[in-house]
């Protein structure tokens, strides 16, 4: 006995039934960091859903004469190069940035998860094949892949609209990012696969679907979850890089990435135009990562 | 504790990275090693900003600015343009004469030499021109000789276009009948029709001579040329630098003041600028928008800043071949009047560009004020709306979203967005049309869409003069079927007027006719003039006397190293 | 050779008490769910050449006590609330960390249940043994390695010389435990704590290991604290025995006395509940219920919910460790009835 | 292990073939004629375009082109690019620079990331942990061009501590800041990974054993704990070598480093597949080899891993 | 011994070799780990067969083969006369209703993300024909009661139970389909002594109640003796001795069985100095490369040349008395009850 804290003999009579998730919740409830990041997340989500709650100004209305004017009581974050209100653009940018970050992550998780689970579950040659395909995708330089997919999926001649542009960027991020997640999912599932309860389920005659969805997936989620939260953050940043190269999001879309890419060079004349969106972006990334960390710490009994 | 320090550094750097933003408004940089001796003086070398040429040192094959710039350093042409006034002056030619603007007799100065010691002869010119024009040689500049008699014998068109199955037939001859060597220093050029601007054109790189050495091994020449200019070629490290050094045998009136010029290649204008500010680079003619903003560059560089004009204009063009986006004349005028050129040039370019009210660069022969465009190039939201209504009444319904296209790989986004915003705000929210800046990722794709006539919306066009003459801004752009008539504009009257101007023998008369032609552009307004380019350049504290030509490049003879 | 020790071995005679004494030790774990009192006033001692068996189930506090002696308790969440651990009369808990460290390995050494996880997986076993000599004795790499091979020979690892550079995972469970033992006896410690040393091993290997330990103890006159839950192993090797339950010692006895006639209902229940290879019983006696929850200990005697001798008093009063005779003690209000075998 | 390595190397062949073909094919799919843009605002003469297309085999089907590419590759002839400059010589010039930059970035990432991770893991939940967490995450969230540009201005122009751009030979000292910028993205990952494994291993039995052996705290942490906790971080960093090199495009642009990234970026913009394909293949090869190396390294670091 | 009744499980010449492969492109088989190498036995209704042996002797592989979790290299496992090793799909699923298992580690054999109700109810979900949907919850609660757990705890999660309780949950899951055979793979070795007795009594009681047949795999010889009607001793993939509990424990005739028994510590300090121990030297050889002839010969004090040349068959021998043993020099002797 080396873990006296595990207190295996929970009194059989005490309290209501609690699930592992509820236990996790109990731990989370007492974490300051969780509440801070949770509050921030809610703020960002509300911002994304109802930007007009935060500002009455239009993010698109440009008064060129006010170009790069610094923050004032009139415009809290000042004006950008085109003379648009930086505060309004930062607020409205949240939606795109969060949607791109979250959906690209969801895409990555789905694609990578499916491939990883299949590779781990079926093993043998299929595992090798999928792993090799993943290597090809990881090996191809990111920017090259992005240009090619962006160029061939939504050729500019077709004059893609907002939704199309966002969809394509999301697809690009997911298509180029899935192999990493597939690896994580694969190793998590392989670990879970050798657990006794999977053997027990097989002995009961459970089919592959039941084993994967009831037994393997729920027990492989933690590492995927943690990676996913970091990924949301890095995707929001990657979106900015693609914008800088002129192949990512672009007008008429409003996003933090575009704002940063457009104004990084102007930092000396008007840092505010870049700094405020960048601060929001960093805060948002921090929010997701902290949330992921908090949940992971709470989920993982080893780290308690 | 050893490790603890490391962590503080990590944390510190991250905080620093944020902190820097707060002190972004700092003054001019001290840079360099802080005065004292001039490091350039020791070996007389200066470093200027450059970029990797697409083709090597064969003047007839060059058509982009990276190669063009360095070629101008090493090749002299028959004439050169004055670096202050852009006026053509004789350079290698002693005289260029024609009684009728059709037959030209060109005499070379005596004693001109190639860098391998051989003399520059009339034959060198005739051979070079024939080589460039001969279509199997696939030289980019071949079409420049289209006006020379016998050009059609040396250059054949591919009957099916570049993608067609048939090869172009082999030309009848490899020599143009219009070129004739009279003696060692004289040759005669016969044109198919009189051309008033022929003399002015001769300063363009394509009209350079080629030494005999070239014809022995054209391939080797590409990267190791024998030249006749003020500087001679030393070495070319691809993607990194080209080095040229002063030609001791140069016979021109003005001699190089530095021993060596290193043409250092940059991928990024900001990087070059950062090097300039810290005196690691001695000259750049590209001050990035970030430094132009708020006139930072002037405070950064102080008296090292150079301002001027260059023969480049910015326009946007309508795809007249497309019904939906081509619009009608009133719509096009409405758009033009909805663009606040003044505010854009002030805010986006910090007055680095000048609003245009015509289609001609202010630098060239034939420019006049007020410009031909007149009221249609003046910002007037009320009138713009009026014309928009007129356009609609005439049956044109603009699409809901109207793009302005540009290539995303260089710095156009800011002004295109500003232009779109200006139009939108002038038209008002009820206009039923929203202008949006849209980027085509690369210039290659952009050009491809333009040349295949698939543009759906306004698109960025611009013109950098080849030689300083009004003709250069009209013929290639607006003549029916002209090479750079990207919007497929066609106006028979205009074509006729241009032909008149082309063949007029009196230069002044010719210019007047070109101006008349320009005025006719207001009728259709197929392209909207925006602004002409100013010139912003800068030098390090180590050099002096730097002049920039109207073409926007360094005059290599002007640059000199400061006395220590 | 042991000038670093608070008291040198040669002064053995000058100190009258036992070699190692644990006195009224209290250890708590501060967790999110509350304070778990893992060790609740444990007192025991061991002398040179003597084998003390500490018997108890998971959560009884036997390992925590051992870890506290060794100073390898995770703090936090662990906290020593009270008590002394005297080694040759010096309270280890009051020693500065630097001196405490010197006691580890040289004065007191420890072997663990799971040798595979207790040995560092990325270093060769020889290196891990030699580390003792290099760090404590400042020997050169080559000398230390030689000593390591000698030790591996001594714990009867076949072909020690060839296997000195192998990694822990390349050995069988029994061999790994031998390596653990070799490492712990490297510096001739005076007390060896063996925390369930054979639980993970097969019976045949268990027999080998126990024999080896006994032999090593004879050779060097070590005091041995054997922590186990296996009554069979205890019967084979122990001199005296301390039975732990719920963080307390419930019975203290010479090994023969305990097996002959246990004085605490828990010890009695344990003895009756083990199946025996030499007997085939009808139905096993089973102690009902479950071990106590450390976060929510029963009032009074911790064993009372499971005890057949339970009375009112047991629910309210914590029984002290009654002295029965000499060193024998039982923490049961009704130890007499237990000894007489009258369950109610 | 040798056999394993050989098998993995053999497996590289189909992956490489697949990748090179894919890249060839994808570059082909890009809209825009590579030669149409080579004459500025003017359309290029047909004669020129035809000659270039014939010279570079664009008039042939993709399979034929791919075959030529393979054939040339095997004979070690990479040909010339659209600018008629030898591809091999360009690679030879820029490759070592990018390798140097990439390796330095890896070194910086390893040193800073691991030190930060160890510190925050040991002081889990403490002030230092939070500072490290937040600062590495800010680095993670800032796009690389922001970091690059800020450091260039701050250190290069304002404080004049470094040259704003890297000079021709890309000497070691001048590459430090660009390498840091390149590493900044992954720093957070490395630190997190190290932190997690430190926290996990800190409670492990062998650490307990090491303490019980009477070792000093420094030795317990520095030898026993660190060696085991490094494995995940080092393998992560190893797989990053390849992506750092292909990810250098922006950093190389900002600091005007004459490496693979700039070459690739320009070639992509010019649709110059004569450069794109070899570089991309090279990067994929490096990535795969780095992965292989990491797997082998894993076996060295963790003797429990066996290869069959 | 129970009165002879119907054979519910018959194992014939069961062999499981895990191939060892080598090669760069094509993997050649260069050897095999002979985990189970020709095991035969039968099990009757209501009977318990104990299987003992050291770790690595093939006990657990045997359990997996019986449960059709691994496919054997050769041999048959007949469950009520039908071969489970070749059954597939619906047939296999149906056969599984008759043979279930209880696993060793109560901490890893229950899915931590499922409630006890879901875990015990999973067999009903898989075999939906057994209990109609509406009655399942009730059945689960009944099962909880049967194994001595509070039926109200149906919504709890495994980590909220102690080790013993978790093992009861595992047993309830095994009972759910009302199988005739339960394979118990070290069901009590992870439990505390006081809890172990409870679980053993539970298993005993259930056997009587439902007339179950057990294969009881364990390394703890005293536990095996307590519960088993017959005992089989395994060494390196082979059975070396089979007999009733009394035959094996009182009159072991194979040297390995004797060594194994003598090594078990007896919880009685009296006369511990006098007891003679057979202490085997070294570890069992690798099953990848077992010794020729008799596999035990390398550790056997009786080994002679014949042991290396000829493999002793598992048969009743003159000296061994009444039960089969696989030793050329078998000789019954009581190593447990030494006075």
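Each chain carries a letter (A, B, C, D and E) given by its place in the written order, and its residues are counted from 1.
Going forward, a contact is a pair of C-beta atoms (placed from the backbone, for glycine too) under 8 Å apart; a residue touches a chain by one contact, two chains touch by 3 or more.
Predicted model, so just to flag it, every value in this text is computed and none were measured.
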Third chains touching both subunit E and subunit D: A, C
Which of C-E and C-D has more C-beta pairs touching across its chains: C-E
Greatest separation from subunit C - chain, by CA centre: B
Averaged-CA centre spacing for the pair subunit D and subunit A, given as whole angstrom: 23
Rounded Å distance between subunit A and subunit B, as computed from the means of their C-alpha atoms: 45
Chain centre separation in whole Å, for subunit D relative to subunit B (CA means): 37
Chain centre separation (subunit B, subunit E; CA means) in Å: 88
Residue numbers of subunit D (touch at least two other chains): 30-31, 134, 138, 142, 149-150, 153, 203, 205, 265, 268
Per-residue overlap in subunit E, given as positions that touch at least 2 other chains: 162-163, 165
Sequence positions of subunit A contacting 2 or more other chains: 2, 8-10, 12, 147, 151, 156-157, 245, 265, 267-268, 274
Residues of subunit A that touch subunit E when the two form their complex: 8-10, 12-13, 17-20, 23, 195-197, 199-207, 210, 214-215, 218-219
Subunit C residues within the subunit E interface of the complex: 57-58, 158, 172-175, 202-208, 210-211, 229-236, 238, 255-256, 259-260, 269-271, 273-278, 280-281, 283-288, 290-291
Of subunit B, residues touching subunit D in the complex: 3-4, 6-7, 9-11, 13-18, 20-21, 23, 26, 29-31, 52-56, 63-65, 135-140, 142-143, 155, 157-158, 161-162, 167-168, 222-223, 237-241, 265-268, 270-272, 274-275, 277-278, 280, 409, 441-449, 451, 461-464, 476, 483-484
Touching residues (chain side subunit B, partner subunit A) in the complex: 21-22, 24-26, 270, 288-291, 293-294, 296, 340, 343-344, 347-348, 401, 403, 405, 408-409, 413-414, 417-418, 420-422, 425, 434, 436-441, 445, 449, 454, 456-457
List of subunit C residues in touch with subunit D within their complex: 67, 70-72, 74, 97, 101-106, 109-110, 112, 114, 117-123, 131-132, 135-136, 167, 169-170, 180, 183
